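After this come two complexes, each holding chain A, first together with chain B and then together with chain C.
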Partner chain A sequence: MNALHLMAELIFMPLIAFIVGMMMVLMMRKIAARLQRRIGPPFFQPLYDIVKLYGKDTQISHGLIHDIGIIMAVGGYIGAEILLPVPGMEGIAAKGGVITLSYFLMIPSLGMALGVGQCANPNGSIGISRALTAMLAYDIPFILVVFGAAWHYQSTSLIGMIEYQQMHQWGIVEMPLLAIAGLFALQGMLGKQPFEIYIAPAEIATGPMVEMSGKYMGGLFVMQTFQLYTAGVLYASLFLGGGTSFLTLLPKAFLVVALPMSIAFMFPRYKTEDVIRILWKWPVMLALISLAFIL
Partner chain B sequence: MKKELKIIQKERTNPLAHVFDDFISFCQSKSLFMLHYCTGCGAIELPPAMTSRFDMERLGIQPMVTPRQADILLITGYVSIKTLKRVILTYEQMQSPKYVIGICSCTVNGGMYWQSYATAKKLNEYMPVDVYIAGCMPRPEAVMEGLQRLKDNIRNDKKEHKGSAWKDYFNRYDYYLGNQQALFGDDWQTPTDIIAEAKLYDLETEETYGKHTKLLEKHQTPLLPQEMRIK
Partner chain C sequence: MTFLDHLFIVVFISLIAISALRNLRIVDKLAPVLYGLILIMLVRMSSVAYGGDVYLSSVSLDLLDFKMHWQFTALSWYFAIITVVAALASAVFMSGDWGRQYREQGGNYGMLQLALIVNVFSMILLLGSGDLLSLFIGWEFVSWASFLMMVLSPTKLAKKSAVKYIVYAMTGAMALMVAIVMIYSVNNSLEFKQIGEVFTQMSTSSQLALVLLFFVAFAIKMGLLPFHLWQAIAYAETPGPGAAFLGAISSRMGMFTIVLVIVQFIGLGGLKQLGISFVNMQTLLAWVAALTTIIPTYIALQQHDAKRLLAWHGVGQGGYMLLGIIMFDSIGSAGGLMHVLNHASYQAALFMTVVAVMYRTGTSDLNKLGGLVTQMPLTFLVMLIGIIGLAGLPPMNGFVSKWLVYRSLLVNGQPLLFVAAVLGTLGTILSVYKLIHNTFLGQLRLEHQNVREVPWSMLVPMLGLSIIVFITGFMPGLILPWIASVQESVGLPVIAHHLGGIEYAKGGLDMIWVSGILFYGFGVGALIFYFLGGKSKRVHQYDNYAGGHFLTSDVRYHYSNNFYPGLMHLIGGWYRGSFKWLENSIVSVVSFFSIFFENIYRAKQPVMLLLIGVVLALFALYRNLGVGA
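And then the complex of A and B:
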């Protein structure tokens, strides 16, 4: 593979992630609207929001770390995108496997913590401490799921995992318990309803986002598009057999992202300690039982 | 030490500059985040406007919870002198372009509280108001109509200069500050330095300064960060 080809991939992979991610944001808002019997936002609403936020006249920065935090939050996900193979494009996925990817997925939260720390808003500090605690909660089942999948496929490379599944069976058929544990962790990772204590708009005014305005908020909106895309495609690659083309991959990714949103409104909101208790109990237990079968 | 910040106004050489400007104002009119300051009875008609009956989100309007994130400050109902202080603090923390909508008769002329000694009668004496929606209460249809009017104003801002009322706060700060001082006393000051912002964003005019801003300078104490401690 020559350098030019790689460069093109490094540009196009995040770009595709951004566009698909915006559609996922739209889908989530549409699902929420339809569940509440509303019409929901128009098709280009996620784009309008991002352009408007970047086009604000006043941009209030709280200092250098605030700026760097947002760059880390978006950059961590851009790094994750080029490690995530999609049909026709592998980026640097062959060089860094799923373990590197799971490290990259932690960078955004840490970046947010840095940025929010400098805002010195008490709501933000409460929010980010809850967000990091929630990260601790969902990362244990997530790492167990990744470990189990890697052991089962005898490969830490996502390309190898997808190839295995396309030759044999989908991961969800061969290890259903692990797939369910993965879905559980996904709900926490996306911060959807039972586990959204760190956002809590009515109590702590959206927590980490409380002081974010203009382009900083825009950065977080961009981050959200990447987050949804990464979660959807990663889960599809681990358990749903990836895809030979975008036509087969994207429906799976959209389905994976639609699931947490569709069931979110059934739940109230758990306290932080309950989030840890539940995420360390049920998905971990499922994952461990599944590991016992796999090993 | 105070550092002088300056934005260097570059000459716009991009031939597509006005296209980008149009695109941004189009997006601004299509995506509005709303912070509602609900006092008194005003909040009653907003839930139907937001939920399934009228659904604001299809117009691109959604509620936000902090002034930093919001574009519209929605003031529904009477503003007592005590709450007006908070409203002004909130308004000054918002990022421009920012819009104010006054809902109900109480914000227009005091409404049924016009005799009250504790109520600020006209909201637009204390901050520039983009759209008033009169009525006691205005129905959700009227609220939606007012929001549509605001969207049209933002879109046609360049032609008719209707959607930039927020600039007026910087351009004629002395007038607004004077009215605020008349209510709150001479030593009234807010954490946001409006004059510095007007300088920074090149929005200062002759009317930005006056006897009221001089009075502010006399009483102004520098804002220090609060001591962090656990009681």
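And then the complex of A and C:
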């Protein structure tokens, strides 16, 4: 890998993730709108939102750690995008592997937690307590799914997993139960109903976002675009055979992200303890049954 | 005279010097210098950690027909360097203002210094043991040295927990002694290699007994389940830097002996042949390790005191070490061994941050702190680095060792153990966030408005340790050669490594890249944040939105009880203290019998007892004579 290629990966992998992520945000808002018989926002709305938030006059900072928290939240995901192989850009991704990637995904949560903690707002702290509990809830099935996939493909490298699937069959065909468990965990990871208590719009005043204004909120918005992209591409790489080009990869990723949104409105909002209860019961059970077949 | 003799001499002279001068002010300056000297002596022997020859001591003691001797292998050296660096950091930490405050508050500073050097001395003695007898002597020394340090605290609880510790430790020592006698009785030799030979000659039940006796002895020291109850409170109650030292390395002597005896001489084959159907000794120990990661971690989550929270995590992290080493493959055992060093570095740093906070505020109660980041930014930084290490997130060193353990569990196809390990990690994240949130984030209390950063004598060791935490995470290859030598010396498969991490078919790890990517991400994040956004305005801590209420200094919100209410609604019922109940019931049974025997011994009618005794003796004599005739 030469320096030019390296530079290209370092710059373009997060950039692509950001652009695709914004389109995913748009798609989700469109889906939500259509389900509610609205038209939904125009194409560039996510970009307008980010520009507006970053450009605001009122930017309230509660101290350096508040700033660093947002930087960690965005930066952790930028790092994660580079570890997430996409067609044509997988040089650096081989250095980490899927376990490292799973742990990278916890860094933004920790960053956000630190930032919110510094705000000295009791409601923010309550929100973070919920968010971290939710992380505990969805990471258990998620990690089981990662384990199962890694065992099945006999590799912890996502590149190796994609190669395996392109030679054999897609993971979803060979391990349907594990794929379903993965979808379950995804619903929690993306914070969609019924697992949305910690980021629900109606909970803004009593959630982690309470003290976030201007570019702080903008940073979290950017983080969301990365999060959607990561979830979509990761799931597509684990179960849907990845892709040989963006043309085959991206539709899968969009489909993966569209699913949680499409079913979200069927559910109420669960309490935190119910989130854990459900996520530790059904997807874990599915994953364990599936593991029993795989092992 | 070999280098090992020099090391022993320097340690012994340090012990004499500190014990003689302990009540003079000069001990402040002298102790760090002496630990520095010991460190130099160890570094001179570093060839052993890069595949060199074992260092033998020229001293040996003739005991009956047996020659007791000492030696330093790669394993001994690895544990010794951690011990000495932890002691050096603790000695520097207590040498300046902390020591002054400790004296003013009526603490016996000289005894604390003495306890530290006695601990180092006894640990070096244990690590250098060359046969089972010197091992046992070192083991006893270490137990009593820790006890000496624990009883220094004036509180009643400290004394009680120290006594509890010594009862546990003596139980372990008894188990160890019985195991040693079992080995001696077969071949009349106490050499280490006899363990393996005797083991193969034994019947299965004796093998099982031997392994269990050894394991119980070592597990007690390490605080593995179900012997975990003594450790956390005893360590948390130890004065300041003493707690940092004990928490960093003391209980890892159990890990040392597990590797030395069980891994090296009994081995995977030995453990696997003990068991019925699919449950063998390896599975059993692996599950002991897994439960040790989970249960103490979730106990830590419920603690209100920062030192206790950390001490409970110390117990929990021991589980990862055992879990790694018990896999017996190159990556798992490397992870387990490496975690000893990693844990020592961040645990010592974390304890020191808590002691630093106590130095300035007088409390480690998580209900009474908060917002200190603006007052003590460097201490906050150390704690942040420490908790990232403890939680095992990249780029700190805790991630590397845990990654190796996870990878090994994956390779060995152990999904349930894997989930247990992850459950421990997630619980740790929750718990350390509570620690840093309730100490440094959130609302700054009125009474802490004038708190300042701690002096440099305390900051230097903390920062030094956090640099170790970062550097060994960034370049694990600095440590991995030592690990590889240890693996080679105890007969484990050797890990293939390079400066950035490990090479492994189908998915290795290169931390230089991983950390580089992460910091690149942070850099881009910072660029976006500082250059693309509007200018932010700093506001006062009470200037925030609380749904129509106003936040004032009266409205306090730092609480540590049920910090995660959702989770506690669900798992709160599990905190039933079953192990405490078990411990209490054993205590009750033992005290019942002791009262029973005491009453017989000191019965109201001693003449009656004497009569019974004489009659029984005569009867026995008569029977014997009768048989003889």
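Quick note on the criterion: the second predicted complex is superposed on the first by the 288 of 295 C-alpha atoms of A that agree within 3 Å, B and C clash if a C-alpha of one lies under 4 Å from a C-alpha of the other, contacts with A are read in each partner's own complex, and residues count from 1 in each chain.
Criterion: a residue touches a chain if its C-beta (ideal position, glycine included) is under 8 Å from a C-beta of that chain, and two chains touch if they have at least 3 such contacts.
Being a predicted model, the structure only gives us computed values, none of them experimental.
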{"item": "Chain B versus chain C as contact partner of A:Q45, first or second or both or neither", "value": "first"}
{"item": "Which superposed partner A:L26 touches (first chain B, second chain C, both, neither)", "value": "neither"}
{"item": "Partner chain(s) touched by A:M212 [first = chain B, second = chain C, both, neither]", "value": "first"}
{"item": "Chain B versus chain C as contact partner of A:G55, first or second or both or neither", "value": "both"}
{"item": "Which of chain B and chain C A:V145 touches, first, second, both or neither", "value": "neither"}
{"item": "Which superposed partner A:E273 touches (first chain B, second chain C, both, neither)", "value": "second"}
{"item": "Touching partner for A:Q36 - first (chain B), second (chain C), both, neither", "value": "first"}
{"item": "Per-residue contact with chain A, leading partner among chain C and chain B", "value": "C"}
{"item": "Which of chain B and chain C A:Q154 touches, first, second, both or neither", "value": "second"}
{"item": "Residues on chain A lying within both footprints (that of chain B and that of chain C)", "value": "55-60, 120, 205-206, 210-211, 214"}
{"item": "Of chain C, residues touching chain A in the complex", "value": "371, 373-374, 377, 380, 384, 388, 391-394, 399, 403, 406-407, 410, 413, 415, 418-419, 422-423, 426-427, 429-430, 433, 436-437, 441-444, 500, 506-510, 513-514, 517-518, 520-526, 528-529, 532-539, 541-547, 551, 555, 557, 563-567, 569-570"}
{"item": "Touching residues on chain A, where the partner in the complex is chain B", "value": "29, 33, 36-42, 44-45, 47-49, 51-52, 55-60, 120, 201-202, 205-206, 209-214, 217"}
{"item": "Residue numbers on chain B that touch chain A, as the complex places them", "value": "23-24, 27-28, 30-31, 51-52, 55, 57-58, 60, 62, 64-66, 68-69, 71, 95-97, 197, 201, 225"}
{"item": "Residues of chain A that touch chain C when the two form their complex", "value": "10, 14, 54-65, 67, 70-80, 82-83, 92, 95-100, 103-104, 106-107, 110, 113-114, 117-123, 125, 128-130, 132-133, 135-136, 139-140, 143-144, 147-148, 150-151, 154-157, 160, 205-206, 210-211, 214-216, 218-219, 222, 271-273, 275-277, 288, 291, 295"}
